[in-house]
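Below are two complexes that have subunit A in common, paired first with subunit B and then with subunit C.
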Partner chain A sequence: MTSLQILVDGFAISSLYALAAVGFTLIFGVSGVLNLAHGGIMLVAALIGWWVAGETPLGVYGGTVAGIVAGLLAAYITYFLVVRPIQRSSAIAHEEKEIFVLTGTLLWGIMIQTGMAYIFSDNPVTMRPLIGGVVNVFGVRTPRNEIMIAVLCWVVIGLLWLLINRTRVGKQMLAASINPRGLTLLGFELSKIYLRVWTIYGVLAGGAGVLLASFLGVGTANAGQLTASAFSIVVLGGLGSVSGSLVAAYVVGYLETVTAYLISPTLRPIPALLLLVLVVYVRPQGLLGRR
Partner chain B sequence: MTTVFGPRLLLFIAVFVLVASVLPLWLSAYVLGVLTTAYYFGVFSMAWDLLFGFAGEVNFGPTFLIGLGAYTAALLDNQFHLPIPVTVLAGALAALVGGLLLAVPALRLRGPYFGLVTLVAVLLLQNAIVIFAAFTGGEIGMTVPDVLSIDPKVNYWYALAFLVICAILLFGLSRSAIGLILQASGQDAIEAQALGFNVTKHKLAAFSVSALFSGVAGAMLIFYMGAASVGTVIDIGIGVQIIIGAVLGGRRTILGAAIGAIFLVVVTEVLRPLGQLNTFVVAAVALAVILFFPDGLLGHVLRPRESE
Partner chain C sequence: MTNSKHVSARLARGMLSAGAALALTLSLTPGGAAPAAEPIKIGVIGEESAVAGASITKAAQMAADDVNAHGGVNGRNVEVVIYDDHSSAADAVRAFQRAVSEDKVSAVVASYISEVALAIEPWSARLHMPFITPGAASTDISKQVHDDYARNKYTFHGWLTSAFIAQSICDFQHDTLVKDFHVKSTVVMSEDAAWTKPLDERFLDCLPKAGIKVLDHIRFNPDTTDFTPIFNKIEGEHPDIITTGISHVGVQPTVQWHDQRVPIGMAGQSSQATTSTFWKDTNGAAEGVITASAAAPGVALTPNTIAFTQAYEKRFGASPAYDGYTTYDEIHVIADAMKAAGSTDPDKIVDAMEKTHYTGTVGTIEFYGKNDLYTHAIKYGPGFVTGLVFQWQSGKQVTVWPRDKANGKIAFPASIKMPK
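On to the complex of A and B.
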């Protein structure tokens, strides 16, 4: 019974982790940016979605759309106001750009977190589920919403795969991740590609934020934890490797669920952290990463 | 002495120490308390700057080293009632071991990977303290029976003396040959190695020194506060504050890092009436500084010029 419960619950949580981490890894793969404001962007989407769903006549679906749009806007602001000025700054030495982007997005994430806490208070909020009802999966009572989230995550990830591997736009992104200079020489504008990647990222992070709010609930205090879990999933899978991130999301999701059910909910994040340290020591490029 | 510091800087330090040491005659206990904490944070930021600015190691977890020192000292004092100097020494040793543990992956991993390891180290330490709540007091924290002093003026002077000693040692180290080699290996490890410098040895030294100072400062801070808690010495937020302080003041300057950290603690305190918004304002100011003055507020003044 418990094992089935773990299987079902773990699957839903892992799918959500995968959706949240895929955007993060995409940005790193294509433009080399580690966005530490990631949790903040998810937070904006979750809180705006929750607020619109609860306080306006637009309802849950309007809230979902509003949340995703808010996530997209937050991603744009991150790119135009923080990441791009640092990348273009002539006062920062080239080898120091990385640490400046890390510090800048970290600060921006803190600003989002405290700003949101000021507007919405720091109480955790839970959005009403997008669809109600409970169904029986292998004898486990599972909310329909949970199944819908898992399916939705996989549909979105599938669409992303098609976009990257089967379309012209996606192939340009792939090329940008492999050899940006070569792409520029062929006459493509990198800044346009980066903008597209950030757009996709904004939608993914926004969607993950809204779904998280309707599944587990989100509070402003979670922002750091959300960034950390996306970061560790992405490193575990291999920085820049989308398929690696998917595998890692399931490893972390199930490891956490198993710990929470069988040992103690308070120890929930620890085995995943230990695994991460171990992998980073033994295989720094991650499970499926390339050097 | 004068060759390392230069006459102007020496004068500046002398004036600062003189002014700072007579401040208790006028200032209230509350202001002194803020400054005392600020001075310890100054040491934290200087120790961090040695690793980041000079050795080029992205350390997101300065509080791992600080927390190890602080909690080791607190546990020994709380459980075995050892005298303060012994516990501070033990704390320094624990931080040193922690620093060497961090140095092992640092020698193998690059930038973001190492940054993540340091972040995870902090989270693991935090979790360990919560799990062993029976000894460590968990999230609530634990009190230490001994304190440095109950007089705010004496505490202030302790902190000031500690800050000045650390500043002289770390600044001297950063301007010595070792500092230059560290800087070289931080910027281009392969070339530094090709020039015949032992990069591994120097990085290990940087980790040890940074860890020692962090550990001692962490232990001193809890004996000033009379309590050790996750929220005051380990939380990632504290680590971020130390990093912001160093970047704000100017990386690779040591003294700038200390001034930045002190400034940040004081500003946070001044902005306290803003309530929840004060962290927002501090983060916004820090972001503006790194966007518009990437060398930090004092980077231009304190960094040795190429022509000199």
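On to the complex of A and C.
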């Protein structure tokens, strides 16, 4: 019984992790940016979505859309106000830019978190589920919303896969991640490609934020944890590897769920972090990393 | 070199801000006002970003306005100076020190968090500053006053101790759930925090005495976001009711409990559920949740309760959390003590507060004495403060206990299976 419960519960949370992490890894793969404001962006989406759903006549669907748009805007602001100025700065030595981006996005994430706590309080919020009720899956009473979230995550990830592998735009992104200089020499504008990647990222992170708000609930205090889990997943899967991140999302999601059920909910994040340390020692390129 | 430069920069900045403060004070002091008319300041440390903590500062402001509308204290107005500790004990101690040394307050009302109150207590002793917490619950607060009275007598505990909260919940469960619903077993589920240790101790003692077998005792980290495994474990143990002890968490466990249709009711202390915004925060998932509180809208615990609740709702758009009621009462208690003492001398205020007999919004407030077990905590029991228990029903807080104050009957949503 418990094992079935773990199987069903772990699947939903893992799918959500996958959705959240895939955009994070995409930005790193294409533009070499580790965006530590990730949790903050999910937070903005969740809180705006919750607010619109509850305070305006747009309802829960309007809230979902508003949340995703808010996530997208937050991603744009992060890119234009924090990341791009650092990338373009001539005052920062090229080899130091990554560390400046890390620091900049980290601080920006904290600013988002504090600002959101000021506006919305640090009380966690939960959006009304898009669909209510429970169904029986292998004898496990599962909220319909949980099933819908898992399905939705996979549809979006599938669309992303099609976009990257089957369209011209996607192939440019792939090329940018392999050889940005070559792409520039062929006359493509990197900044345009970066903007597209950030757009995709914003939609994915925003969507994940809104879905998380309707699943477990989101509070401003969670921002750091959300960034940390995306970061762990991406490092575990191999920096920049989308498929690696998908596998890692399930490894982390199930490891957490198993820990919560069989050991203690309090220790939930610990084994995944231990695994991360182990991977850094034994296989620094991650599960499916190419470096 | 760098060091001295650093220090001089800090000094310059300090002088600048001191100058600015002086200028500000000068500009704010009306010319020719008698020094006697200077307001008496009371420091109020709340947690603006937490539901319960935000009620403290709001209610304090209302109480000060009331006191001033009725002539103030000894011919002086009362002014509340508000600080936010961001739910951090370190920030709270800094705010307390600042209140005493810079803002020259004469008393401090602070926090709903036991860890914060316990961190302030030694500073109240060192700085001889009368201090009362309107919402913290740990029994250690009053125990320390009892154990070292001479030193800690400046601290008052203005809310029921955890032991009394647990006792009132046991009494409630015995009077209603056992009698009307044939509840025979429970699992105690509480967050890991200073206030729940004595709470749980009392639960484990008084629930069996109330005729309810405790099948398990689960303490979880307040950082928990996914409560599914906890509810799943509890469900497997088949208790008739879940006895809760939660304050830092509230929305997430309640919504997940509802979304997953956990078939077991929750009754206990759920502090966030005490404010009216909880219904909206949980999108109505609160339906059926039972919690103890200081008071509830529409229930006249005293002749003052309803008037205060209505005025608060009118001013702030939501009903006060449990500590909003107590804060409102305790600002009055402090003001009365200053009147009785005819001074703001801390020792005289403490003496006068010990003689408090004040009928506020939550009941009649008196404090336990030097030789009682819970020195300087408010007295619990009929005729004093008992608190009440209400259940969320269709967006309303329906009071279900004590019976003479109840304005409705317990009713659980269909998904909850009661033994009856």
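One rule holds for everything that comes next: the second predicted complex is superposed on the first by the 291 of 291 C-alpha atoms of A that agree within 3 Å, B and C clash if a C-alpha of one lies under 4 Å from a C-alpha of the other, contacts with A are read in each partner's own complex, and residues count from 1 in each chain.
Note that in this section a contact is a pair of C-beta atoms (placed from the backbone, for glycine too) under 8 Å apart; a residue touches a chain by one contact, two chains touch by 3 or more.
Bear in mind the structure is a predicted one, so any value in this text is a computation, not a measurement.
In the superposed pair of complexes, A:Gly62 makes contact with neither subunit B nor subunit C. Shared-chain residue A:Gly54: touches subunit C; no touch with subunit B. In the superposition on chain A, A:Leu216 contacts subunit C only, with no contact to subunit B.
In the superposition on chain A, A:Tyr261 makes contact with subunit C only, while subunit B stays out of contact range.
In the superposed model, A:Gln5 makes contact with subunit C only, not with subunit B.
Legend: residue contacts after superposition of the two complexes on their common chain; A:Ser89 is shown touching subunit B, with no touch to subunit C.
In the superposition on chain A, A:Gly170 makes contact with neither subunit B nor subunit C.
In the superposed model, A:Pro180 lies in contact with neither subunit B nor subunit C.
Judged by the touch definition given at the top, the superposed model places A:Val134 against subunit C, while subunit B stays out of reach. Once both structures are placed on chain A, subunit A residues 117-118, 266 are touched by subunit B and, in the other complex, by subunit C.
By the touch criterion given at the top, residues 34, 82, 85-86, 89, 91-92, 95-96, 98-100, 102-104, 106-108, 110-111, 114-115, 117-118, 224, 228, 231-232, 235, 239, 266-267, 269-270, 273-274, 276-277, 280-281, 284 of subunit A touch subunit B in their complex.
Partner subunit A is touched in their complex by these residues of subunit C: 48-51, 54, 87, 192, 220-221, 223-230, 232-233, 236, 249-252, 255-256, 259-261, 272, 280-283, 285.
Listing the residues of subunit A that touch subunit C in their complex gives 1-2, 5, 9, 13, 54, 117-118, 121-129, 132, 134, 141, 143, 145, 216-217, 219-222, 225, 257, 260-261, 265-266, 268. Subunit B makes touch with subunit A in their complex at residues 52, 58, 104-105, 108-113, 115-117, 119-121, 123-124, 127, 130-131, 187, 236, 240, 243-244, 247, 276-277, 279-280, 283-284, 286-287, 290-291, 294-295.
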